[in-house]
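First subunit A sits with subunit B, and in the next complex the same chain sits with subunit C.
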Partner chain A sequence: MSITTWTWILVGVTFAIYIIVAIRSRAVSTGAFYAAERTIHPVLNGMATGADWMSAASFISMAGLISFMGRDGSMYLMGWTGGYVLLAMLLAPYLRKYGKFTVPEFIGDRYYSQSARIVSLVCAIFISFTYVAGQMRGVGVVFSRFLNVPINTGVVIGMCIVFFYAVLGGMKGVTYTQVAQYCILIIAYMIPAIYISIMLTNNPVPAFGFGSSISAGGAEILQDASTQGRYLLDVLDGIHKDLGFNEYTSGVRPKIDIFFIVVALMVGTAGLPHVIIRFFTVPRIRDARASAGWALFFIVLLYTAAPAVAAFARTNFIKTVHNVHYDHAPQWFKNWESTGLIAWVDKNGDGIMQYGPGKAMTGKPKYTGKTGKLGQAMVSNIITNGPNEIYIDRDIMVLANPEIARLPNWIIALVAAGGLAAALSTAAGLLLVISASISHDLMKGVLMPSMSEKGELLWARCGAAGAVVIAGLFGIFPPGFVAQVVAFAFGLAGLHPFFLPSLWEFLTKKPTSMEQ
Partner chain B sequence: MARKEELQAYWKQNVKYIAILLSIWFTVSYLFGIVFVDQLDRVKIFGFPLGYWFANQGAEVIFCLLIVAYVQLMNRLDRRYDVFED
Partner chain C sequence: MIAGITFTTGYIVYFKFFNPGANKPANWWFGISPEGIGTVGMIINFVLMYVVSKITPEPPQEIQDLVERLRYPVERTTGERKISTDARRPY
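Let's turn to the complex of A and B:
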């Protein structure tokens, strides 16, 4: 069967799973809608948090980013995991202890102030909308790359599915679908990683594989017998030096930059509202601590594989593309040429692809629709003077992985389903924050305090529905500010006022499990 | 009154645990993974330069172990001071 057929089947099956889960766990009370009745087991909550937290960017872009940044890329790995230690020790147990449903509610009560609650809910909504817009766009992009449907159609399909389980199931529905989404995304990520690790190093654990030496089969794939028996990272450092790059395992950015970026990412991670609300769903305070541990465990499974995927992909890419005649270009290279993610311009007219530092052309490739004399796709971009002839998008390092490893079509389709799972689960978590901020904090908390539970639940559903529609519109018409403010959303999450009271709580010695 | 002192002792112990665990957290990431990364890179374990390994994998795995340790320590502490929730 073709990749497209497989992709439709797997995407269809996974979507059907999400819908079935949502129907079985629909919320009929506000307690279920906001906090899944506080009945979620810490292990399941850990999985749900993992899916909630790992977005399309973690799944598709992170390994590629590291692949191009070398050691400097580790700042994302450290920064995006270190925050969980802070969460587990300084925040989650204290937030759970108060037994509230939303962060703004906690803040309002803590400060005895309605205005603090309003400021907090505005922050939560702002952070969530900027972040969710990117996720909906991500859903559209996955659809367009794997299924050749227009991006906007993809966004609409994504909206429909999220609409269904977020509006119907609230936190309860979202939690169980996130558990399913975690399982799908981790399988989709690990299978190609394991295969490539075995191919190149004979080591079935990718996290150890990139510290191993290259096997005979690996040397054959890399088309260089001299690499056999040498450590993969040494080989990669050598290749980098030969091409005029910095050594792969050394850093370029000033340490002070890295230090403070890591601080910002850790604090930002610990303050993301859609992650924090997950800690309201467990039965007891100690489960909140355990949840943070399980969440990090499930995240680290993917995060320890990511630098391995990055190093494998980088080595394989340079070895099989650089100084190779276009006629002998690997099949995946030609397959992906039509997507705008990779392009070759034969600057010196020798028919051989040369890769090196610097850009090959300005901007992203714009294809003219014509092919060159060797059959390569021609671009209309302004060509730079540098020696580099190849444009490569970082996302390809994950997306093309299964093809690089020559895996069967159904695994390529699985990567598409995994990317969708990563994007949809994050989007749903964020939509819940928006919905609860509107119904619980704005309507019930400030405007209509005498509202019945039934009324509040209706508002919660309307809030979720409205948020899905707006998020979808942001996905279809991405406002120019989105790209710039995603980083800002992170920063704002770090400064989110809830930090102050809960840290204050900690500093003024209010023990977690007491006074009850 | 005795109970109050007990709870203060409980709290002190909690803060002590956090201080120890967070100092490890700081050491493996900020010190090993960033500040002294080049010095550690001179040491190799298998194919990994040590500093590179800490930055890419070591710190993340140790973070995970730190939370596990904290959860265990606090569960024990909760039991000892009779604040364990069933």
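Let's turn to the complex of A and C:
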């Protein structure tokens, strides 16, 4: 069966699972819609939090980032996981003790100010909408890459699925769906990682294979017998030096900059509203801290594999592509040429693909539809003067990884299902924040305090529905500055007014007042 | 919050949009990139918050009681600690 057929089957099965879970988890009260009736087991909440947090960026882009940045990429690993330590120690149990439904509600009570509540809900909505724009676009991109469906059609399909389980089930439906999505995404990520780790180093644990030496089979795959018995990272450092890059393990950013970025990412992660609200769903206060710990464990399963995937893919890519005649290029290279994620320009006319520092061309490849004399896809971009002839997108390090490792088609298709699970799970969590902010904080909390529970539940469902539609529109018409805005959303989350005074109170035992 | 976000936004806007050619480690403040400057903004927030809290009145007693109640996950009674088991009690 072809990759496309397998992808349709696996995506169809996973979507059916989400719909069945949503039907069985219908929310019939505001307690169920906002906080899943506080019945979620800490382990399940940890899985749901892991899926809620790990979006398409973690699943698809992070390993690619690390493969290009080397040691400096570790700041993302440390920052994004360190945020959960802050959550577990400083936020989760205290929020659960507070016991209401939303962060803006806490802000309003703590600062005895409706204005503060409104500022907080505006922050929450802004953060969530900017973040969800990227996720919906990611859903469309995965559909277009793996299923040959136009991006906008993929966005609409994703919208329909999220609409179903977010509007019907609220937090209850979203939580159990996220548990299913976590299982799918971790299996989809780990199977290729484990397989490649065994292929290159004979070690089934990717994190350990990362620090292991190349096996005989690995040397054969890398087409270089001299790599056998040498540590993978030593091989990669040597390759980098030979090609004119900085050593993979050395990094270029100043250490003080790495430290400050890590702290910013930690605080930003801890302040994300769709992560914070997950801790309202557990039965007991101690369960909040426990579920933060479980979330960290489930996230670490992927985050310790990511640098391994990055190093495996980078080594494999350079060894099998650099200085190779295009006629002997691996099949995965030619398969992905048409997707815009990889391209080759024969600058010196020798037919040999050369990889090196610098850009091969300006911007992303713009294909002319014609092929060169060797059959390569031609581009209309301005070609740069440097020695590098290959354009490679970072996302390919995960998306093409199973093909690079020559895994079966069903595993390649599983990566698509995993990417969709990651994007949809995060999108659902963000949409719930928007829905709760509108119905509970704005309508019930400020504009219509005497609204009945039935009325509030109706507003919650309408808010979720409206948020899905607007998020879908962002996915179809993305702002040109999505990446920068997402980074700004993280920064705004880190300065979220809630986080600082909580930390302040923890340190000084004296409540602060609002005048600042 | 306004102080921190203004500082952070200004730093980012300067290096990313206003003068991107200067966006190099040699020109960064103490070697901190625009991606990491949010931490400094947070520290500015902390300092200002401390100063403001010293020169403004304390919050009402009920708010102080709320913070005190949140700080300890166990309920305190005279002479002994009692664990709060009924977490389904709303507030």
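Methods note: the second predicted complex is superposed on the first by the 501 of 516 C-alpha atoms of A that agree within 3 Å, B and C clash if a C-alpha of one lies under 4 Å from a C-alpha of the other, contacts with A are read in each partner's own complex, and residues count from 1 in each chain.
FYI, a residue touches a chain if its C-beta (ideal position, glycine included) is under 8 Å from a C-beta of that chain, and two chains touch if they have at least 3 such contacts.
Here the structure is a predicted model, which means the values were calculated and not measured.
Which holds for A:Y112: it touches subunit B only (first), subunit C only (second), both, or neither?
Second partner only, subunit C.
Per the contact definition in the header, classify A:S250: touching subunit B only (first), subunit C only (second), both, or neither.
In the superposition, A:S250 touches subunit B alone.
Based on the superposed arrangement, let me know which partner A:V267 touches: subunit B (first), subunit C (second), both, or neither?
After superposition on chain A, A:V267 lies in contact with subunit C alone.
So, does A:K370 touch the first partner subunit B, the second partner subunit C, both, or neither?
A:K370 contacts neither subunit B nor subunit C.
Does the superposition put A:T304 against subunit B (first), subunit C (second), both, or neither?
first
Would you please give the residues of subunit A that touch subunit B in one complex and also touch subunit C in the other complex?
258-259, 284-286, 509, 511-514
Where on subunit A is subunit B touching in the complex?
71, 74-75, 77-78, 81-82, 84-85, 88-90, 207-208, 210-213, 231-234, 249-251, 255, 258-259, 262, 284-286, 289-290, 292-293, 296-297, 300, 303-304, 307, 509, 511-514
Tell me, which parts of subunit B touch subunit A in their complex?
Per the stated touch rule, the residues are 7-8, 10-11, 14-15, 18, 21-22, 25, 29-30, 33-35, 37-38, 41, 45-49, 52-53, 55-57, 59-61, 63-64, 66-68, 70-71, 74-75, 78, 83-85.
Mind listing the subunit A positions that touch subunit C in their complex?
For subunit A paired with subunit C, touching residues are 38, 93-94, 96-100, 109-110, 112, 253-254, 256-261, 263-264, 267-268, 283-287, 484, 487-488, 490-492, 494-495, 497, 500-501, 504-506, 509-516.
Over in the complex, which subunit C residues touch subunit A? Could you list them?
1, 4-5, 8, 12, 16, 25, 28, 30-33, 35-42, 45-46, 48-50, 52-53, 56-60, 63-64, 66-67, 69-71, 73, 84-85, 87-91
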